[in-house]
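Shared chain: chain A. Partners: chain B in the first complex, chain C in the second.
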Partner chain A sequence: MSAWGREREARDARITAGRSLADGKHVAAADAVALLEAVLRPGDRVCLEGDNQKQADCLARALAACDPARVHDLHMVQSGIVLPEHLDVFETGVASRLDYSYSGPQGARVARMLSEGRIRLGAVHTYLELFARYFVDLTPNVALIAAVSADREGNLYTGPNTEDTPTVVEATAFKNGLVIAQVNAIVERVPRVDIPADRVDFVVAADRPFYVEPLFTRDPAAMTETQVLMAMMALKGIYAEYAITRLNHGIGFGTAAIELLLPTYGERLGLKGKIATHWALNPHPTLIPAIESGWVKQVHCFGSEVGMDRYIRERPDVFFTGADGSLRSNRAFCQTAGLYACDLFIGSTLQIDLAGHSSTITRSRAAGFGGAPNMGSDPHGRRHPSETWLKAGREAGGNGDPALRRGRKLVVQIVETFGEGLAPAFVERLDALAFAETLGLELAPVMVYGDDVTHIVTEEGIANLLLCRDADEREQAIRGVAGYTEVGRGRDRAMVERLRERGIVRRPEDLGIEPLDADRSLLAARSIKDLVHWSGGLYDPPARFRNW
Partner chain B sequence: MSAWGREREARDARITAGRSLADGKHVAAADAVALLEAVLRPGDRVCLEGDNQKQADCLARALAACDPARVHDLHMVQSGIVLPEHLDVFETGVASRLDYSYSGPQGARVARMLSEGRIRLGAVHTYLELFARYFVDLTPNVALIAAVSADREGNLYTGPNTEDTPTVVEATAFKNGLVIAQVNAIVERVPRVDIPADRVDFVVAADRPFYVEPLFTRDPAAMTETQVLMAMMALKGIYAEYAITRLNHGIGFGTAAIELLLPTYGERLGLKGKIATHWALNPHPTLIPAIESGWVKQVHCFGSEVGMDRYIRERPDVFFTGADGSLRSNRAFCQTAGLYACDLFIGSTLQIDLAGHSSTITRSRAAGFGGAPNMGSDPHGRRHPSETWLKAGREAGGNGDPALRRGRKLVVQIVETFGEGLAPAFVERLDALAFAETLGLELAPVMVYGDDVTHIVTEEGIANLLLCRDADEREQAIRGVAGYTEVGRGRDRAMVERLRERGIVRRPEDLGIEPLDADRSLLAARSIKDLVHWSGGLYDPPARFRNW
Partner chain C sequence: MDRLSFRHATRRPHPGTRAEAIAGVVASGNLEILLERVLAPDLCTVEIETPVTGYGDVWEAVVADFVARAQPGGLRISINDGGARPDTVSLRLLQGARLMEEAP
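Up next is the complex of A and B:
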């Protein structure tokens, strides 16, 4: 066996080393550092569970406290770089290589540490791509994960924030890797088994409940009339025209405004039951009014959202829930759903160039893209038609035999022409390219490539890139909705007017929308408190969103 | 609750109806028909587990025996249409609608029943796409699955053929659906928990072990020198040139020959450790010599293969195995790995047209495509570079800013110019288009679209479509390797010679390969018995592959 069981022997040796600190599989939080020092080996590939929301923070603190003389040069393979400890390990030398997907709050520090050479970067992946590599060439040797509770045997209950856990555990546990779970509580019997005990080697009773970020909560009180106007255009000019039933919304006020317009403006347009029925989406609080008004048939979730658990539990016809009644989310399956089973992805970005390429990476921030590259791409493997998809395919045209024509996924960018700090959203060249040059990256960190984008929505109008027949038309269509940015001012006015006549550029008036009607009163909820009211008191917003 | 818990109430009612036939969750095989009649409702979406290999055959027989007066108009949503019973249900009226992926042995009957209007077809999906829809708009109401064993509580052990089961169960059990498992045995304790009991509603002790098809076994004795020649060209002209380490092989003698040439011809070319180290692949018996020679670092599997279980168990450093020591396969994750973490997909087809579009669907057979559309597509969401991928991207070129250049996935078709029954593999127009016209399909059943194919390998040579700069060059490159087929004879000889000078068409001699060297003696194993020998007696081939 030994010639072919080296990994398994190494694994057994790690377990033996850890067992001396454990009672069965159970280890006290105070012994977490000692446990990690006992089981980790220099150079190990480690997934320290940092999801989009849930964080294995107790284990993150323990890893950051390890002695770099014993634990060093780890290769971190995790979707989220979210906590300070996720980067502290690179300062101390505990870790040296990184492959990740998303680093919202730590984006500036990631960029700085990359340019200082403190992190050897593999790549910035889209989630599903990183998960894919877990099974091929980035299989973790050790997974440090987070769950709500464990029983004595080590069966785990992840609760609503299942997220990446089943995927990480599957890749690790079945390839001779070690799985260490931090849990909020040890219980007699877990409410449901999210991870069976035979995939779990050690359980650490955490000193406090794992951290979860309310990442998808957008306060309606902060929504502007510009956002309402863009949402009206998207609904009338895209959702209605393509009859979009299966979709994903990215994060942002623009898409949250669309959610809040469904029961008002959407209802007025007679769209109920005809659009936005099936979702791959986190449980956005701003979707509550649409759910309560009977718009939404079902929602599969990547993760949960702080404060939404009780509401979800009482809406089992809409959400995926377990035998215990609470949400079962799953990022890998939801990303797969977003890729292959949705007809529309709509999200926001920081910069768009003249060809429609977009990125949220700037010179000083490496935020990563999460799911956008995956869901914002046209999946060439798709083989099931839908009216929406076929219509987009017809618009895209092409010269070949019509019998061979495919459909197209709708990929929409919804942006205000000037973003935060009045930074223009439209640029001649993405900052991401300068970022790549500075760091010597082989591949520029583009979020969505221009050839996958079908529409751009701004407060000035909608550009339909499917209908553009060459690069010039495409550039002018983009300039034509870029407002008073330099890119917008650089437009060929006559050509933009011709594009408008062909329906490639559409203004609010072309859509029969009066900008003065874009009023906050159209929002089905105008505050977090309204959302609580819509939910019948079931939505329990985090403290920072409460001002009453 | 009732306004929002209708699905859950319906589910509870089904369980109550079924419980009268059960002892706890357990139901005798003799009561399987009664159980299905009690819990199914007309119009239900049902996943009757028909995987690429494993079949829930006991439940399939029970479903086919249901009284159509009670159970009718089911919508079958399952990846494989493999057993006669899978179609019998459409003859009796038990089922009326179908969404599927693959129907190898039943392909001719599917085509006939479609043209007779006995089946209302949704679409022929690629596996991952169908799984995606399980979470969005094709969520099963009832899943009828297969496992090796169950304990009294209903924890399931799927054994090496885990395949689709975890995905089907997740989509069904967490959306108020019912999960019914047939098992070969009831045991005191399952060897590992593949599916936790709280996702399983009923367990049927099957009258005999579930059926598994040895789909990926290719007998080396049947390999021809033509196949050896094509394999040599693929290895030297593609694998070596692009330094392909992460890959997937489709089914077929051409790719099996490549596997068998690694330890001989590959070794001679000095490629060991440089190519073919990380695989997304079923456990092909023809990979045994390469594994035993130390070529293969790891393999993640869609499913298992009959006879390979003991070998896999003794090679845990290579395969993903569980706490019980046996393979853990997973089709959803392996397809994801094939999509996003592999640099090459190579497979075969029945027909290729002048633009490189290919299909295995002919006028009389609707075999489906399984994983080929997914793995044979260039994933636009990919954001991690590799040398292989970047080189292919450079060859594909494009006019844009080089700073924005992406890589490309290598998608290779390996075909003999004349296939079974001397049918030409190259055609002016795919039969799939006529098939679509006859049935009035909105989308022609193309397996891999031409714009995703990068290379075509035949016994005449390799066509590199990446280097073609327009549709004419592409067509002539394809004609240039199409041999004596009509398409091949229709080539523009002068242009093909020019393409050859540019390395777009390459003959064996251009690659430094002497066709006379393409001898069966190059195969590391020349019979099934040789494979058994290579495996040290661990490979246990099915009876039909034994002739000694």
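Up next is the complex of A and C:
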């Protein structure tokens, strides 16, 4: 063997070490720990698949059960820190370094372990950014992935939750890495081949099906009149005015309310066919009424959503599906679609400062980013025009030849001025700054930078930051929609009124909206059960949402 | 438990003849508002009972904006708060004022 094939030699040695535990490529769940101890080497870069949706949980449990005397100081490079086992490996010493993207449910423990120095943090990334680094300087030595089924040869069917798998496998398998898949079932023939067998080295028959979090299900019963009001303002003041057809929504109640207002309030405004036709979006159950009413032409998905599989299967004109009929999602492609092919991102956040920077990190929780910073940023590599993008670019101003002027992606933050526990959404100083100081980070974890934000929608009104011409105007526009928070009460009232005359701050009445008309009866569905009805019984909500 | 009380002069009496109305419900994150037409037509009082302490200045601002907007002269307003956010308080006050404009 020449000196150019050392990685391949190392890979062959790992396969040989694991082979004694396998029948062909197949390994019993009971032998998963022994397999990992046989193939892993101290200091390996390991991608343990898991994001804000599906989890390779059987392999996560096996990794956490490895003997730290044999497997230690791993460098975890993975989308999500979601399961307790994802952090247990840092408690035992199996792993020591971490580069990740998202950590919703484990956010508090991540923050604690970081401050105790139990984790050596590389960086918190966006999904797309971490995927990019898989191909440059964070290429995994071993990938531990999840699929629905495998055949004898190791061809994998990932099912509707394909998500990150093709990206992780691409980076690992084609750079001398080892791919180990957990599967719910071994079958004679997989329904479709999502990952070909020659990219898969070992297959573990999991003790139970992999876990999927229903993160994108919002119960209409919990939507408030305030959220309905904000959704009305967003539809009339932004979607209609910029004629937004291509878009991505965040996961909050405000955007779910917008989805539920399309067939009612949107219809009344005469917007059907003119807005919200093409989506980069998970299959949100709250989008069902708009789909059934003929609003939605197509949707590409990052992942699937629990309970939506049968509905999607019956709507192939709308969703991307395989020859087997089930959804094919792909996080990397959908993130790219959201970044380059959408004219609007709208989502919520926990804190916004006077410059418009926003963050979901608080002093005690490191929630990470996921995809929001990519969705919520103006891509400077974009070159194709659209009327929406050009209009936003014109509003942002600038001199010179219009043919040389960039357009702008619309990046909208939709927030209630007070959040859970009366925590103000508007602050003078982001908690992210204190967080960065405590941990000695060079960069405060900002989700969306102020210069990317174009509009802020609250129950008090819409601030159009594109039209602001200096930092002072920007600050007062933000204060002008910050309600009764300290930031809001600290406004220069006269200046906010001048901004209002210029259309930079707009109140509900400026948009012809009467706040008292913001009624829950405007929601196309007012419960999960209504969504099931809209779907013709095809949507099968998870148990925790079956509250009727 | 905080008890707050505000008293405002108004430029005009609140329209309508309805003697009393209730808006909202007593629930966590919500509030119940009782409106009674019992005061002089150029006066409005608002009494608040809330389990959340330390938000006196926010209540003061919410009530002042409501009075300026609705001019609820003659109304005695009693609020039983369940920890509602200020925007919900504003909305319920406006809903209550609208109810008082309806026929009894």
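Here is the rule we use: the second predicted complex is superposed on the first by the 542 of 548 C-alpha atoms of A that agree within 3 Å, B and C clash if a C-alpha of one lies under 4 Å from a C-alpha of the other, contacts with A are read in each partner's own complex, and residues count from 1 in each chain.
Throughout what follows, contacts are C-beta pairs under 8 Å (C-beta built on N, C-alpha and C of every residue); 3 or more make two chains touch, one makes a residue touch a chain.
What you see is a predicted model, and the numbers here were worked out from it, not measured in a lab.
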- Report for A:339: first if it touches chain B alone, second if chain C alone, otherwise both or neither. first
- chain B versus chain C as contact partner of A:390, first or second or both or neither: first
- Task: Please work out whether A:139 is in contact with chain B alone, chain C alone, both, or neither, and reply first, second, both or neither.
- Result: first
- Superposition-derived comparison: chain B or chain C, residues of chain A touched: B
- Task: Have a look at where A:416 lands relative to chain B and chain C in the superposition and call it first, second, both or neither.
- Result: second
- In the superposed arrangement, does A:7 touch chain B (first), chain C (second), both or neither? first
- Message: Touch test for A:489: chain B only (first), chain C only (second), both, or neither?
- Response: second
- Overlap of the chain B and chain C footprints on chain A, listed as residue numbers: none
- Message: Residue numbers of chain B touching chain A in their complex, please.
- Response: 1, 4-8, 99, 122-126, 128-129, 131-133, 135-137, 139, 155, 167, 170-171, 173-176, 192-193, 196-199, 245-246, 278-280, 298, 300, 314-318, 320-323, 328, 330, 332-334, 336-337, 339-342, 355, 357, 369, 373-385, 390, 400-401, 403-404, 406-407, 433, 436-437, 442-446, 449, 451-452
- Message: Could you list, by residue number, the parts of chain C that touch chain A in their complex?
- Response: 52, 55, 57-58, 61-62, 83, 85-88, 91, 94-95, 98
- Query: Quick one: in the complex, what on chain A touches chain C?
  - Reply: 224-226, 229, 416-418, 422, 459-460, 483-484, 489, 515-516, 518
